[in-house]
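Labels A, B, C and D are assigned to the chains in the order they are written; within every chain, residues are numbered from 1.
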Amino acid sequence: MATPVRRAAVVGATGVAGQQFLVSLGQHPWLKVRRLAASERSAGKKYRDAIKDASSGATRWFCDEPCPKECLDITVEDAEKLVLDDIDIVFTAIESDAAKVVEPICAKRVPVISTASAFRYEADVPVFLPGVNIDHAALIAVQQKNRGWKGFISPGPNCTTVGLAISLKPLHDRFGITSVIMTSMQAVSGAGRSPGVLSYDILDNVIPYIPKEEEKVQTETQKILGKLTGDAIVPAPFNVSCTCTRVNVIDGHTEAVFVGLQKKASLDDIIAAWAEGFKDFLKLKLPSAPPELIHYTSEPFRPQPRLDRGLYDGMATVIGRLRNDNVLPNGVKYVLLSHNTKMGAAKGAVLTAEYLIQRGVIK
Amino acid sequence: MATPVRRAAVVGATGVAGQQFLVSLGQHPWLKVRRLAASERSAGKKYRDAIKDASSGATRWFCDEPCPKECLDITVEDAEKLVLDDIDIVFTAIESDAAKVVEPICAKRVPVISTASAFRYEADVPVFLPGVNIDHAALIAVQQKNRGWKGFISPGPNCTTVGLAISLKPLHDRFGITSVIMTSMQAVSGAGRSPGVLSYDILDNVIPYIPKEEEKVQTETQKILGKLTGDAIVPAPFNVSCTCTRVNVIDGHTEAVFVGLQKKASLDDIIAAWAEGFKDFLKLKLPSAPPELIHYTSEPFRPQPRLDRGLYDGMATVIGRLRNDNVLPNGVKYVLLSHNTKMGAAKGAVLTAEYLIQRGVIK
Amino acid sequence: MATPVRRAAVVGATGVAGQQFLVSLGQHPWLKVRRLAASERSAGKKYRDAIKDASSGATRWFCDEPCPKECLDITVEDAEKLVLDDIDIVFTAIESDAAKVVEPICAKRVPVISTASAFRYEADVPVFLPGVNIDHAALIAVQQKNRGWKGFISPGPNCTTVGLAISLKPLHDRFGITSVIMTSMQAVSGAGRSPGVLSYDILDNVIPYIPKEEEKVQTETQKILGKLTGDAIVPAPFNVSCTCTRVNVIDGHTEAVFVGLQKKASLDDIIAAWAEGFKDFLKLKLPSAPPELIHYTSEPFRPQPRLDRGLYDGMATVIGRLRNDNVLPNGVKYVLLSHNTKMGAAKGAVLTAEYLIQRGVIK
Amino acid sequence: MATPVRRAAVVGATGVAGQQFLVSLGQHPWLKVRRLAASERSAGKKYRDAIKDASSGATRWFCDEPCPKECLDITVEDAEKLVLDDIDIVFTAIESDAAKVVEPICAKRVPVISTASAFRYEADVPVFLPGVNIDHAALIAVQQKNRGWKGFISPGPNCTTVGLAISLKPLHDRFGITSVIMTSMQAVSGAGRSPGVLSYDILDNVIPYIPKEEEKVQTETQKILGKLTGDAIVPAPFNVSCTCTRVNVIDGHTEAVFVGLQKKASLDDIIAAWAEGFKDFLKLKLPSAPPELIHYTSEPFRPQPRLDRGLYDGMATVIGRLRNDNVLPNGVKYVLLSHNTKMGAAKGAVLTAEYLIQRGVIK
């Protein structure tokens, strides 16, 4: 039986992440963009005009893929006054402060799939990662009851958490994780306008600090791999310690991971765990899902962001350089690559929406 | 009393590292370049001609600093036939295979300070790091006796080991190190022609593997921080686990370090250890020594290779982002920056020579 | 009527340009790769083994696209002893010195489509650029007669000439060109191992000289746009003056062009000339041809190599920033972008082959 | 006789160009920074606090050189209310819109040396370039009379004009210029926040448009090389046609220049003109002047921004690749490099101030 089409609104549609939503939803078999919202300044304009720079005439479109044609003539609405009568699902791509205001307004009526961190750390808000923790879905009813909402807010993880948590999930299930140390080398496409990263700071450079990033990764990884017990998620019982840096790469976060395990596992055991860890999820063949969530490579110089970020349109976590580690108990170490603006942002959020639709959480 | 001037030869003088030796020895108060050697192809040419590219007429000089004028008219000799009668010390900057042949020939007669790895892992060869392990100097007599040499071979550490071992030394002395995890983000100036790093591979990219680098760092760190006991160095009793990567930076290796300690230490204790750890060495005021071996900064976005590698002409290890780590026992973590072609190569080797002269090991 | 399939050999198959041939010929409707040749060192190995780096185990495959599976098990032959009995066409991707030896051996028997410059400047050798100068095909009979060959050699233009000559062709036909000044900003993927461009030279840098490049562009542009008169090409009667530089871009040559014209032309006239200049060629709908040879854009900040090089799989010349110039007579100026390793190399050569097949020059 | 010390104010002191003024004026023998001004937001804070980022604690200091210590404790004033009673000269480094308001307020009382373009194109405002056009100084009296000011406004040229006009001056004086075509490859340090250049746009890219830049260069070059006749500057009688692009370089603008001349000149004539063109100016030995204004190199791969921008602390125009051009009449072509944030901005403005002091224009 064919899945009926849901009508979607994209909030923050003129920004980078919003445009990635438009691309991810173009030609989507289950989801159709009906409404676009942005800041007051863009409201009332056709989308094609809202992304024109007035002084230079340049089109401010940030994706490699073209804008779906059907979006160009939609009239942009003010995010705070967005009409939801004919909308089944809202995707938001806005700053955290704006999200705190706009997302609850929408969630009163419809499900909100968000890339913002605003609600990520609230006790009644699950942070879904496709294939990893759909069992946290029961928290949605708690959230709706707590807040008196018909809809709900479902924020995705930080882009740096995504690949890490996916790589850890099968290891935790099979061998039990005791500790994680991770150093990230993150692409600039996620940098936005954070202090410390001016336009040319990254040339011939590494920026060794990304404000709040390490805390986010540490907290989110434990939450995502945690266990829903009663009405609450008990964080996964291992510590995560990170150093997050920015390097001169456009797209694709590279992470050097060191993991301690409860049970001794050979490198082949680890590879097998990754290969088999997401079988049930992959069988669903969701529209945005890749054929593998983890692609393991034995090529010694891989993964590399420029060569590997595009695999399955950026929806796979590519892992290589698997070795034993002699510091952590039963330690293994590896390098992973995750596309920060595909699986790590809008397209990952669309995949989450598909999963929630498939499971009946979104009607 | 003024130190008398020693007469030096530089072997491998036309390559990048050899040129860095020329710059480091230009105007040196204790050392004067008398002879230059390179491959057979350059032998017999004046140095100024040996660094000319015949087909394009370009000068192949790789340093920011100009070539010391007195070197330009020296006639380059064949490395394997270098005359040593009027030479007190030899600096070598050649590939490992060539070093295996050339360095013993020289060491029969005079001290050889080397940047090659050829002899680094032999039991009777110390790997000096200025300020860290001059007490290993007693091994030189063992080496001379074993091999029947008047001189000796003293190879410097791998460039990635240098900053790490310097940062660990004061912590090991005061608090006892139990384990080290490190991820490096290394500059391309040290890449040479290693497989996997073609000319444009590094643009918009991270290369997650540098052949043999991790093993070198792990082994050398334990050797350098080890204890000379009888005629042998007992490696420091902690494990080191690394992931070494190449990033799009010209000069300056960045390293994210996680350290476990025997004794609990506050962050202020750590900073104090770094500040006080090299006092005796710094008091010597050796010609190439920086005013601090470790420069600690509390600026949140530092160290950065482009901004910090030039401090004290690349002779300091710049450390920042000191934090507690919750994975390793009594763990701390930090980010360090070390200039791979200054303290990490030729100028570091010159500093070692100064130290050995000052201590009377080199007469 | 379907075009019958020709059997192709690729010489220089393990190098970058050779691999681009394999990708360009994968799934080709008219051409099928039957034989692969490379240097003696690779001869006798299966292709999948010939591209393995023995010491590191890394696969030396340089394209974004995967290697066509059917090529992996072909046994590589020694280029100088390549069997041609069952081959209809040879594609060569080798250095100029090797081309001088290998290409005539092949051309005695079959057509050779080459990316090397070895024969480009010989009087009886046409330099085809698809859509621009198929009328030079009559020179092939002259070449065959001169040299007593059954086949012939057809070298493509230098990658920097390609976009320039395509952009000039419709202007020369309609308005008559009197002079051309051009400054190129070239990608590093074409740099090979030319002196002056070591591995990290291009970081934070511009290299203002590419040996022989300017002469090539100047000579080839006049030859390609020249007129076949009797048995010889009379070069186009205008001077071309270039400065060729290398910039920090992976793929895609950007060129700032200033053109003087015989007849005054409005900017709209120019745009119309580009739009209409290749109609007949485009009607052929050759398998590798793009829907437009020139894509003109009025976006003020375009073309940009990263955003525009991928258009039509790198087979279009993207032109923008069209303006009047007040220095040259009836002057116009514009910026063009051409993909140096697609239309500017192997895939452009494949398009030439298709054109020659369609015209019956290759049987 | 020693030059007496002038008391200086720097307006826009917290921005990049303002900080470059502080560095250029640190330890200056003739000029001493007394007052600093910035936007209202910084007013009332000590300078050391005004450059702290409140949320992250990072110091927002953008120069490689440290901030002169004596500046750190100066209390920043509101630019529009700056006290001038004890100030002899004002240096401004602010946006054009702000300059239109602030600079006339200051110029009523004291000389204003500006990096803004706000007044550059007014008929009674000279655009001084040290060594090139001090004879335009007579225009200052006209400006003072016209506007009833005791001081005056002296804006420096656009950074891209600087190297071009310096390279052209000796050629125009000796041989007469008839036409100029120039393509620039500009560094990102001058990009500011112009539309079209977001933070990562420049990675693996060239941006072929810099709004208003080409018009500025064309107009300013003619003005700077023009002749003061009566109360007005008659622009130099040759056309200039430019394409200005942005490349992935931190500092240093590279320009490919093609020049037509009235009189035939050999390449040696050109080199001699450059060598001798600024003799009188260089004899003055002004504190910020380099030993050569033009440094000509015959190295084929030079100038390169990374290797050559630092020559004489960025105050020289480095020229190479001199060749004949066969398109423009008596044409020559060359490549120049000029440091956009040193001679092309604050330090160039300080050199202008020195020149005006030396000539008695500033008392």
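We adopt the following convention: a contact is a pair of C-beta atoms (placed from the backbone, for glycine too) under 8 Å apart; a residue touches a chain by one contact, two chains touch by 3 or more.
Bear in mind the structure is a predicted one, so any value in this text is a computation, not a measurement.
Trainee: Would you say A-B or B-C is joined by more C-beta pairs in contact?
Mentor: Answer to which pair has more contacts is A-B.
Trainee: Which one of the chains is farthest from chain C, going by Cα centres?
Mentor: Chain centre farthest from chain C's centre: B.
Trainee: For chain B versus chain D, what separation do you get between their C-alpha means, in angstrom?
Mentor: The computed centroid separation for chain B versus chain D comes out at 41 Å.
Trainee: Could you tell me the distance, in whole angstrom, between the mean C-alpha positions of chain B and chain C?
Mentor: About 46 Å, centre to centre.
Trainee: From the C-alpha centre of chain A to that of chain B, how far is it in Å?
Mentor: Computed value for the inter-centroid distance: 42 Å.
Trainee: Any chance you could list the residues of chain C touching two or more other chains?
Mentor: Touching at least two other chains: 56, 58, 196, 203-204, 211, 248-250, 300-301, 306-307.
Trainee: What residues on chain C touch chain D, complex-wise?
Mentor: 179-181, 183, 185, 196, 201, 203-209, 211, 239-241, 243, 245, 247-250, 254, 256, 258, 260, 300-307, 320-321, 325-328, 331, 333, 335
Trainee: Can you check the complex and tell me which residues of chain B touch chain C?
Mentor: Of all residues in chain B, those touching chain C are 53, 55-56, 58, 62, 188-189, 191, 193, 195-200, 202-204, 211, 248-250.
Trainee: Can you tell me which positions in chain B touch chain D when the two form their complex?
Mentor: 56-59, 64, 203-204, 250, 299-301, 306-307, 310
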